[in-house]
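Labels run A, B, C, D, E and F following the written order; every chain starts at residue 1.
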Amino acid sequence: MIEAKNLNLYYGAFHALKDINLKVAEKSVTALIGPSGCGKSTFLRTFNRMNDLIPGVKIEGDIIVDDENIYQKGIDVDRLRKRVGMVFQKPNPFAKSIFENVAYGMRVNGISNEKVIKEAVEQSLKQSALWDEVKDSLKKSAYALSGGQQQRLCIARALAVEPTILLMDEPASALDPISTAKIEELIHELKKKYTILIVTHNMQQAARVSDFTAFFYMGSLIEYDLTKTIFTNPAKQQTQNYVTGRFG
Amino acid sequence: MIEAKNLNLYYGAFHALKDINLKVAEKSVTALIGPSGCGKSTFLRTFNRMNDLIPGVKIEGDIIVDDENIYQKGIDVDRLRKRVGMVFQKPNPFAKSIFENVAYGMRVNGISNEKVIKEAVEQSLKQSALWDEVKDSLKKSAYALSGGQQQRLCIARALAVEPTILLMDEPASALDPISTAKIEELIHELKKKYTILIVTHNMQQAARVSDFTAFFYMGSLIEYDLTKTIFTNPAKQQTQNYVTGRFG
Amino acid sequence: MNHSIIKKITQAIAFNIFRIMSVILVAILFSILAFIVYRGASYITWDFITKMPEEGMTKGGIFPAIVGTLSLVAGSMIVAFPLGVCSGIYINEYAPENGFKRFIKLMTNNLAGVPSIVFGLFGMSLFVNTLKFGDSIIAGSLTLGLLALPVIIRVTEEALKSIDKTYREASYALGATKLQTIVKVVLPMSMPNILTGLILSIGRVSGETAPILFTVAAYFLPKLPTSIFDQVMALPYHLYVLSTSGTNMEESRGMAYGTALVLIIIVLILNLIANIIRHFLMKKIKHK
Amino acid sequence: MKKIFERIVEGFLFLSSTVTTITVLLIILFLFREGTGLFGKSPTEEGFTVAVNKNNPVSELNAEQVKNIFDANIENWKQVGGKNDSILVFRMDDIFKFYTEEELAGVDTNMTLLASKIDEVIQKNPNIIAFISSKNLPANPSSKIITIAKINLSDFFRGEEWFPTSQPVAEFGIYPLIMGTLWVSFLAILIALPFGLAMAIYMAEIAAPGVRNILKPLIELLSGIPSVVYGFFGLIVIVPLLQKTFDLPVGETGLAGSIVLAIMALPTIITVAEDSIRNTPVSVKEASLALGASHWQTIWRIMIPYASSGITAAVILGIGRAIGETMAVLMVTGNAAVIPHTILQPMRTIPATIAAELGESAKGGMHYQALFALGCILFIITLVVNLTVEMISKKRKQNR
Amino acid sequence: MTHLEEELKELKQQVTKMFVLVHSQLEKSYLSLQNLDKDIAHEILMTEKRVNALELKIDLDCENYLALYNPVAVDLRYVLAVLKINSNLERIGDIAEGIARFVIDSSTTFSNELIMHTHTNQMFDVSLKMIQDAEDAFINEDTSLARIVFKQDVILDNININANNNIINFIKNNPDDLEQCLHILSTIRKLERVGDQAKNIAEEIIFYIEAKVIKHSRKL
Amino acid sequence: MTHLEEELKELKQQVTKMFVLVHSQLEKSYLSLQNLDKDIAHEILMTEKRVNALELKIDLDCENYLALYNPVAVDLRYVLAVLKINSNLERIGDIAEGIARFVIDSSTTFSNELIMHTHTNQMFDVSLKMIQDAEDAFINEDTSLARIVFKQDVILDNININANNNIINFIKNNPDDLEQCLHILSTIRKLERVGDQAKNIAEEIIFYIEAKVIKHSRKL
């Protein structure tokens, strides 16, 4: 269960997230949409405390992940991040072999049994629909893959540490339509096992891949509902204006 | 009148454009679509001979612009490029003031009458729907503008030398949806005066802005027709697969 | 033991080692500066800067050395700056992508790595002996100029390379010629970087000793140069002489501290200017 | 019109770009012309010869033997393959031991007389070895000119003695100089590297932004300070400190040179390494953190490998610089041209040798040429270093 | 106004034209029935071709609009509503044509008494009014007017339910007018459909404006 | 199979279900009419609610599909075709319900002779066959089968054209069966509509597969 309760976030004096309340449905895809700078990425990154890295960030309110407020004192952030996978806008494999990219998360988390690692790597690559394409070249550099393959590798890498939640920040915006379609197909498969939050600039993409959609505007959550509802009959005029392109 | 006749282009040994024949309709928008690497950008850049800058390019066949084969000997490439404006993927204003950005094309083409320049700058900024936003800050650096405004400035810059043709290579792919909508709106206005060719990865965008659509695949022109037709009833199975997302 | 605790402990140990090493290092480096500033500060007076050396360089000032260094810097930059910038432009904008360009770049890189003493040897052999300039400002400036040349070329090249090719294409697309494009679009955008590089290379040139050892520097010359064929004193050489081979090393120590501090101040000022340029000009040029 | 103007400008730019090439070629030309002049020459000073009694079976000696004979390290002809007989060393001045002033009267005006007297001496003493001006050698069979082995590359590199001005033969063995250079440079890098990397990591990842903003310009400033200033500091602070700490006869030692070089190299290493580490894309760093890796694991397993080729290139360049560094080293290492046994003894490096001796060498002389030959060696080392760095960075580009 | 909105406006004009056309067809069919004016009936048959063409045009425009602009939310509902309104209008057009054919087929004039007795005239009036109201509701995006359309349908339904008995009564009194009566019965059945179709149109208007599906449900 | 294709398949299953349901409704209405079986008629009325619900469901699915996947080309035509097929099927459902209501309203059984004389039975058979063919054409994307649907409509049209005369003849012989006759006439008129609707469905199938609009045009 993931939930944001009265969440406020400040970058220094700038109030970037304003009193957000949102319960994410498990094993489903929730899309975050909204105009540039509305706080989608910021909100996404509160779930694995990636915002901690930015100096001057102040957070108020609670984020509950699996019945635990992840912003309370004494939380082991590394452990939290292991439970919450993340995929970025540009494919960003490490400068290692394909195998080692996927194995990395396990190694840094203290797994050293090579057999276990090997199985998990295969498993993750299969889940991310990449296994067939790379099974004969696991030792090759990850940079030898195409952009779309790299992105699926990054997804496999995130899956290998067995997260329950996947955060994706515009995971297909750097890819061509065909690779994008593959990633979308993959997301659709993955939601059977994972709770997925995805930021996207592409409204059609949000429509295609997500079950729920949250519309942000100027740091506020304007509307949160079934994706079908958001795209056929949103409750708020602002949302309607945004999805129909009558905005700004 | 713009036309490609039996156009072949090679990057060294790589055959990038294969026997393209295409007549572009005047005062209309023609979109070039197709998967990554199919040759859209390459084709677009044959119309202002921008490919000349790349070493090892070999071109066969004719490109006719205004009844003149622009690849024949003795063509003044600088003059040609003046007639054919170009807008790029990322907004790339020069490190000058807003005014000087628009004036640049005139200055390099030998116009020095400040009154003429001033009028043309205003005219171009109005045409690119930017005048109202910048008329009080013409002396400011172009970098003070937002991304979407910068892109419209780049369009104004291209219009100022009075081209008849506008080439646009993914002009909105680096912009957020709201800026994108403005650019699309602008394209719709501009086609009343200019012949526009636009490369886009975004099929929906091609559908929205263009009158004609050309579908490229592996260096070949697969289908070229009214955009309506391409998106409701394309003649070729490959085109249908591509537009309906069943590709690859 | 729980792996996450091991992780935490490892991190704590590693970070603290780095912290301690950094503190030690900063302390050392800072004490060098502090030492020279502290010892030298009392010698820096108006007289010190504007007077001739006196009494076997144990008294008086370093005026001729300052003038010498300034004239050498000026001379070398007159040579190196235009040549370097033009060369950088040619390499980045004009040179065809082939073996020839690689060769020129290789040569430039090699020249950049050549030790300064070798420039000294070369300068002496070519300018002093073969061209018969003798020990002179012109021989020294040319030597220093050649030393600075590859640095400026590289800076120019990097500055030009960092400018996206779409800016050039945008200019061509407006009907501009290649030269117009370079002069009106590319150079203005890369100028802050080029200037920063230029200023840092001035810093380097003004502190070099080895190349001027045999091409220009005078041990003791209490008068100002009148032509470019004169010898001059120079600050770094002056410091070297004072601290190693002065006739009266103990007594000239104070002069040495003063000279060292002057050299540091010059570098400081140049750095400051470079930072200002980077900060203010770049802000105008940089994309958000 | 426009086109022609453009062509002219392009031609001008092209010429500018060839200046570096020309300079490199000229450096090669001038350095090697002078430097190679040394080889194939007799190591005796021009116009002088070494002669023995014509009955002496020895007719060839090498430079080292000659030097040892004249230094009285070799006292019996047997040691150089002759008869068992003690060696009598004869220098020009020694003529007065054999003849009185009167007997030699008029020597200054009558050269032939002096020559004949010398010849006489040689004739009289079968165990003699004489170092004399060629002019003073009459064409007569009583003395035999010793052929001295010419200077060759192997002696140059392997010779353990550097006595470029000694009489009757100069010795140009640069082995001690090479060793001195390597000892000083490598120790310098050894000191600088761990500290430099530690500081780079600290600045790039651990330090608070405020701290970094202060450190960064300070380090940049230090990298701009001229080498003489560092040399001066070394001379005034480090040298006495070492002397006191290790209770040495002199403080000017290889170690002093290494320390000063290390201090000079640190700012560069820190800057380059820090830039390389910071060049790791934020998203790559975040990707590692997002997998539950600790900050330290991320630095160690992701960011440093990412930056490694940049750091390696920097280190190699740093070594190149250290090898070529002149003034600071010259000022603090003591400049003794001996093969080092311990870092705590004075040493002399190649560049310091050039700087120290070029001023005193006669232009065009053998010493002068020997110094140019040293310059050639430096140049070649630089070339090798540059090509290595080039290769590394090319590989790095391929991998991205 | 944006390009997108222009397209939507253009579409609206087409649909309005269709409303007007169909309304006039039905009006004419009433006229031709009253006076057994076969000229008008033929005119209706000619015009029906225009109705059909316009229906195809609007359908195609909607298809193009969907393909090119992928509308969502209110825009999507609007296009879907237009598609359905269009087909309902076309069916009304068909009905007008059907009535015109009865007129042409009919060998005798329709007796005024029969028309009055079966309330066919009233049916015509009500259905024309319903079409008019639906048109106004569509043009002004007025859902309350659309709701008024439903109310009127009750009148038609009542007339329709009683139609059989009315006709039977009439035939009993005028057994010779059997053919006429059958035609009128068919006409009544058709006009009842017109009411349904106007009601459908009103439903679609409410659907697109309020996003409420009231088809097959009693709640308004 | 991709996610998108799964959604389309799901939609197809729904429409197939609708076909089956409506076909069975019409079949039942035939049965109830033949035997004046008011139980079956009531059953039809009950089932009509399910038809309506399914219609709404399919409509909503199409709307969602359009909003979420913005289909183009064949996919778009498919969804548009489904929308229209759906509404035509619902109208057939309505007709079945209407016939059931006649059965319920009717005080006497429908004489077999009348049914035979007016070819109502044949109309039922043909229209049921047309629906079945349309269903098969839809399931198998078989446009030649769809074209066969058109041919069959001619039979219905002929019967319909002669209906008036047939009825008049029959009434003249059996003046007491007037009410029955009027009901049968209404039924015939309705079945004629079923034919039209099956034809519409066939047209939509051809439209989505071949991208040809053959509505209102003679060319097949």
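Everything that follows uses one rule, which is that a contact is a pair of C-beta atoms (placed from the backbone, for glycine too) under 8 Å apart; a residue touches a chain by one contact, two chains touch by 3 or more.
These numbers come from a predicted model, not from an experiment.
Any chain that touches chain A and also touches chain D is listed here: C. At the far end from chain B, in terms of centres built from Cα atoms, lies D. Between the chains C-D lie more C-beta contact pairs than between any other two chains. Separating the CA-averaged centres of chain E and chain F is a span of 21 Å.
Computed from the mean C-alpha positions, the centre of chain A lies at a distance of 49 Å from the centre of chain F. In this assembly, the C-alpha centroid of chain B lies 62 Å from the C-alpha centroid of chain D.
Averaged Cα coordinates give chain C a centre that lies 24 Å from the centre of chain D. Within chain C, contacts with two or more other chains are made by residues 7, 177.
Multi-chain contact residues of chain E (touching two or more other chains) are listed as 2, 4, 63, 67, 70, 72-73, 76-77.
Contact with two or more other chains is made by residues 294, 297 of chain D. Contact between chains, per the stated criterion, is found for A-B, A-C, A-D, A-E, A-F, B-C, B-E, B-F, C-D, E-F.
Chain E contributes residues 52-53, 55-56, 59-60, 62-63, 66-67, 70, 72-73, 76-77, 80, 83-84, 87, 164, 167-168, 171-172, 175, 178-179, 182-183, 185-186, 189, 213, 215-216 to its touches with chain F in the complex. By the touch criterion stated above, chain F contacts chain A in their complex at residues 2-4, 63-64, 67-70. Remark: chain D residues 2, 5-6, 9-10, 12-14, 16-21, 23-24, 26-27, 30-31, 34, 194-195, 198-199, 201-203, 206-207, 215, 217-222, 224-233, 235-237, 263, 266-267, 294-297, 300, 317, 320-321, 323-327, 330-331, 351, 354-355, 358-359, 363, 371-372, 375, 378-379, 382-383, 385-386, 390 touch chain C in the complex. Of all residues in chain C, those touching chain B in their complex are 96-97, 164, 166-177, 180, 184-185, 188-189, 284-288.
Chain contact summary for the complex, chain C toward chain D: residues 7-8, 10-11, 14-15, 17-19, 21-22, 24-26, 28-30, 32-33, 35-36, 82-83, 86-87, 89-91, 94-95, 103-104, 106-118, 120-122, 124-126, 129-130, 146, 149-150, 153, 177-179, 200, 203-204, 206-210, 213-214, 236-237, 239-240, 243-244, 253, 256, 260, 263-264, 267-268, 270-271, 275.
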